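Going in written order, the chains are labelled A, B, C and D, and every chain counts its residues from 1.
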Amino acid sequence: MAGNSFGQLFKIMTFGESHGPAIGVVIDGVPPKLDLTESDIQVELDRRRPGQSKITTQRQEADKVEILSGIFEGKATGAPVALLIRNEDQRSKDYANIKDVFRPGHADFTYLAKYGIRDYRGGGRSSGRETACRVAAGAVAKKILGPHKIKIVVYTLAIGDIYAKKIDYNVIEQNMVRTADAKVAQAMIAKIEEVRKRGDSIGGILQCVIQGVPAGLGDPCFDKLNARLAQALMSIATVKGIEFGEGFGAAHMLGSQHNDPFILKSGKATVKTNHAGGLLGGISTGEDINIRLALKPPSSIAQKQKTLNEDLEIVETQVKGRHDPCLCPRVVPVAEAMIALTLVDCLMIQKSMELWGHAPN
Amino acid sequence: MAGNSFGQLFKIMTFGESHGPAIGVVIDGVPPKLDLTESDIQVELDRRRPGQSKITTQRQEADKVEILSGIFEGKATGAPVALLIRNEDQRSKDYANIKDVFRPGHADFTYLAKYGIRDYRGGGRSSGRETACRVAAGAVAKKILGPHKIKIVVYTLAIGDIYAKKIDYNVIEQNMVRTADAKVAQAMIAKIEEVRKRGDSIGGILQCVIQGVPAGLGDPCFDKLNARLAQALMSIATVKGIEFGEGFGAAHMLGSQHNDPFILKSGKATVKTNHAGGLLGGISTGEDINIRLALKPPSSIAQKQKTLNEDLEIVETQVKGRHDPCLCPRVVPVAEAMIALTLVDCLMIQKSMELWGHAPN
Amino acid sequence: MAGNSFGQLFKIMTFGESHGPAIGVVIDGVPPKLDLTESDIQVELDRRRPGQSKITTQRQEADKVEILSGIFEGKATGAPVALLIRNEDQRSKDYANIKDVFRPGHADFTYLAKYGIRDYRGGGRSSGRETACRVAAGAVAKKILGPHKIKIVVYTLAIGDIYAKKIDYNVIEQNMVRTADAKVAQAMIAKIEEVRKRGDSIGGILQCVIQGVPAGLGDPCFDKLNARLAQALMSIATVKGIEFGEGFGAAHMLGSQHNDPFILKSGKATVKTNHAGGLLGGISTGEDINIRLALKPPSSIAQKQKTLNEDLEIVETQVKGRHDPCLCPRVVPVAEAMIALTLVDCLMIQKSMELWGHAPN
Amino acid sequence: MAGNSFGQLFKIMTFGESHGPAIGVVIDGVPPKLDLTESDIQVELDRRRPGQSKITTQRQEADKVEILSGIFEGKATGAPVALLIRNEDQRSKDYANIKDVFRPGHADFTYLAKYGIRDYRGGGRSSGRETACRVAAGAVAKKILGPHKIKIVVYTLAIGDIYAKKIDYNVIEQNMVRTADAKVAQAMIAKIEEVRKRGDSIGGILQCVIQGVPAGLGDPCFDKLNARLAQALMSIATVKGIEFGEGFGAAHMLGSQHNDPFILKSGKATVKTNHAGGLLGGISTGEDINIRLALKPPSSIAQKQKTLNEDLEIVETQVKGRHDPCLCPRVVPVAEAMIALTLVDCLMIQKSMELWGHAPN
């Protein structure tokens, strides 16, 4: 209830603040006999970690993961898998000057309202640092999805108003903004650098494509697959909007345009178009699930801003420290992780239905 | 897990199909001593029920609610409140011709893939009829919110590309499309009628405004208030997109534009602008929470469509029966209900924190 | 949380008071294609219903069940199954004289303390009437267990200090006290009648034997199968003690006596003795699971008792109405139901583990 | 679901094996502003740790706890509190000879049946070592209960058939068997030593008394306070029986004997006797809650035992290593912890009901 756990059968609980000794996650429900090593997890953490390129924060964290439990001789035993990441670069002094200030766009004010106390060294649980634990747990989820042939692709669709056009999934990890259009990547990077030099930040859009999800995943009513994915992805602090299939475009469409007719393809039923984005009635159709996420510009900017402090005095604040001018490239692995965690949970729930003999498609 | 329950402390479980004997909901966690009568619930059901205007389906259902438990001498006892609505207008014959057809845009295909069996008389749990139970439970939630001075306003912002402009909440219930702009209402209604005459349907956008939410509501990480509201609202079958605050607009903004500076107002801290939409770090700021929902055009259209049947033969189908050409006006009370259910649950979770003496704002 | 739901994947929510219009239960997670009719449920309700013999309460309730949803053409669709039982024999006047009295042994005092209001017509949710809903849901669970060859046997082991000796499961349903020893049954019945004539009531012990549970059921730590069964069975109001295997006898034993050595039997590993009662480390061994339940004497007795009323005045009370002098025979089907509900849930959880290919024993 | 988490609002997840690098627990829902230091937790861990007296295992573990998160400047922030205990004395070689053996009374067989793989270095999650995490989390729960004036007393009532007679809570922590009768303590200790010398082990009974619980705690139906305590306590591996109030004695009583009449005491309603053990209808009465737990003799004994190995060969096994001849003294703090965790959760749930103004007694 207190918000730090996720999942029903494949269940995680995360902990840790950016300026405490460590962050981590406990994963309950990891399949016995799964091959798992620290490097399976480290490779995903490296994709999220700070300091990986000139357009991300220059804060340096190795984010080295240690497996504390649940793995014996390289295999999962069915016991909870606990993952620990020690914090290294705790420059608390960067925060001394904002100790009692309500930074605009940050959760300082709301956390104080909620808890009556706040950890002024950083955002505490509202810091983006907690997403490292999502990525670590997501790496385990991806290992589980492997044999199921489910592939999760996430890339930067837009930085501000610069959009990727010619989509090629192969180039995503080859450019530092993680877009799927190698040409447009340069313009996006230039835009981010220009914004950062002005002490500002910029928003963007991520495109998610989930391939190979079997038809029949998700539950009716409140636990529709899109509803569960919406919670999972909207829980990433920087996400302000989410669309499935045509999304807001559907509001302008007619039923005769939006309906996807069923057709035969290699002897199997499929849909001619995919306006619905791979989901009908909240259950997967077997087609690609298409999702778009709107990311706000990061709140930490180097420009001076007027705001209040805890004594309700007007103060001028300048967020020091080393921050991301744009979050798109670093949120890519976080979004992948949240999707993977949700899918493993839904697959386990679906599997539980087979008790009485019905094997879903 | 099977998807038909919602909430953690204020918890509902819904049941029933459109063509079975009854639908209903059980609500566990209703505050003892709450005054509650059937008319408190009926008034909300009447706002959702079919046949209420010329632009909604002409299916006639009184949707008369019966309280089965939990209320004694007009007051809640703390026991679960069960609400029953008998189905009246079960014209199953309307469905005879689509018995084995995968209607485009409907969940026939995905339910069969999931369960290996389907109730061909209608959409079963994927039918919009289940939302009556949400509205009934939401009416109870609204009664609870009453003394907390939280007000939920939902209205039609757009039908296709016709947008409300001069917003006046007072007119929402005075026009059949439930928009907040009395003038534009006529154009919207004309558009819906035109579309219906062509045997087609149309999408739209709902605007939600939640006023009076105290600062500090919502939980960190996975249970952010926006994440929980996203699941709640995305679980309404027709919703394909959701935005908080600037939403997708934030993707085009700079941090210096999007950050809301804190200012003093009547001796209290507040924000100068509200780009964030009333939430920072997933916790409420005390400002209005602004949400927009994209609604797809209804899948049931009178035009002939080509599709497949269960034998994978190409067939021509025509959805008979009486359907909504646009869902906006009828989803308004459903969205209100989902918001109310979520807020009551979050308020109870927040209250539980006071155990040790801290009263949040 | 409010206490009226049970189960994680196979999930029920019950509602209703003994003196309201109806009681019922919604079951979410019923397997699609399961054959289910009202008579499958009625047969179990008839075993629990009042008035079935001279040693149970003479209150007359047909307890006729109506299936409201989830079944189409005799088969489950995967949608929630709602079951309704209308109350018939609501003699509220029987309660007029105890309206503001704290009946000794009853929950009048604690419900008032908890909720600040109470439904004085009867015990409300603390009434044994709510167990009819458990039995109805349990009947569905039993249908699911059928093909799994799991058999649940519950019988009266003792009434007061009269114990069954020669155990024969075949006679349980042939005597009105539901004991497994046809000879002792007469003495037990005579004892109950004698006690009732004196306006008193008497306690007893139930023995539960669960046969055919596959090895590997249950989860580690907090969700051990015995822990889950303990909650399930201790939630029956009249149960005051529970033992697994040797139970309290184990406290007097040595390790060398209590340890069950593993031996070979028909080429399979099994245990020579079964002191552990079919569970090791909270996980089933494949042997019979043996449980004993201590039932207190019913609190409703015809003798005059001194107690307090809500104004804290000393009053003399006499519980009128028609009550059970001993609950053993009627709790037998309730205990069976709680065991069945728990096992189906555990089987589904276990099945969900097969996602990655390991089929447990 | 996978069994390693406990609690609804005050929620813990534990992890770790006895022979891995570390064990630990994450606690979500710790009240903000709670004063908490490592020594608050260490003092409880020291009461449970091995090697504390001649009648417990001689395995040496400092069980030094490290707080990883959730505490800032000595106070809880509302973020999850993660506690880590590094394992020190991992003598895996002690287990080399039992690597593929199904030790009688242990979970080797059932874990292999469940997971298809087992960590042969020790019991994995079935090892008593996991209870250190319960004690650590329980220490936090006790800190929360402090101002609520709830006191949890647990002591050894019997070792085999030697029972404490003259009960004095003050002596419990002054004798190594943690009984409440200083005189009988010596006989109990002598008994344990005698049993150990013979390479055997012995069972016992714990008595739990919970004082100061306000009337009104617990929920109806499935979440009765006794039902929740039963799961909590039965989840301790060594517990085979549990009684509330008169327990199995109630089975032999008449209603006229067992019913506790309400009387006035200092102007407040209370009960004359407390046969019910502080609970009516599963809700607390305000009187002492009395519970007895039956503990089986530890399964690890030094005597040679015949059993099977994984190849189903008959082998003779002798459990080496250093084990407890009787678990009573070390389970005392574990039982206290489980009670404390349950009560904090119930108090938070009860507090959430105050949303609408009713303050329970």
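We take it that a contact is a pair of C-beta atoms (placed from the backbone, for glycine too) under 8 Å apart; a residue touches a chain by one contact, two chains touch by 3 or more.
Keep in mind it's a predicted model, so treat the numbers as computed, not measured.
Looking at chain B and chain C, the chains that touch each of them are A, D. Minimum number of contact steps separating chain A from chain D: 1. Among the other chains, the CA centroid farthest from that of chain D is the one of B. Sharing over half of its contact pairs with B-C by residue number, the repeated interface among A-D, A-C or B-D is A-D.
Centroids built from CA atoms put chain C at 45 Å from chain A. One inter-chain figure worth recording: chain A and chain B are separated by 26 Å, centre to centre, where each centre is the mean of the chain's CA atoms.
The residues of chain A that reach two or more other chains are 1-5, 8-9, 14, 32-33, 78-79, 111, 114-116, 124-125, 220, 349, 352, 358, listed in rising order. Here chain A touches chain D in the complex through residues 1-5, 8-9, 11, 13-17, 20-24, 26, 28-29, 32-33, 66, 68-70, 72, 75, 77-82, 84, 111, 114-119, 121, 124-125, going by the rule given at the top. In the complex of the two chains, the chain D residues touching chain B come out as 8-9, 31-34, 78-79, 144, 147, 220, 344, 347-349, 351-358.
Residues 1-6, 8-9, 14, 102, 104-107, 109-111, 113-116, 123-126, 130, 158, 160-161, 195, 200-205, 214-224, 226-228, 230-232, 234-235, 237, 240-264, 267-269, 276-277, 279-286, 292, 294-301, 303, 305-308, 312, 314, 349-350, 352, 358, 360-361 of chain C are the ones that touch chain D when the two sit in their complex.
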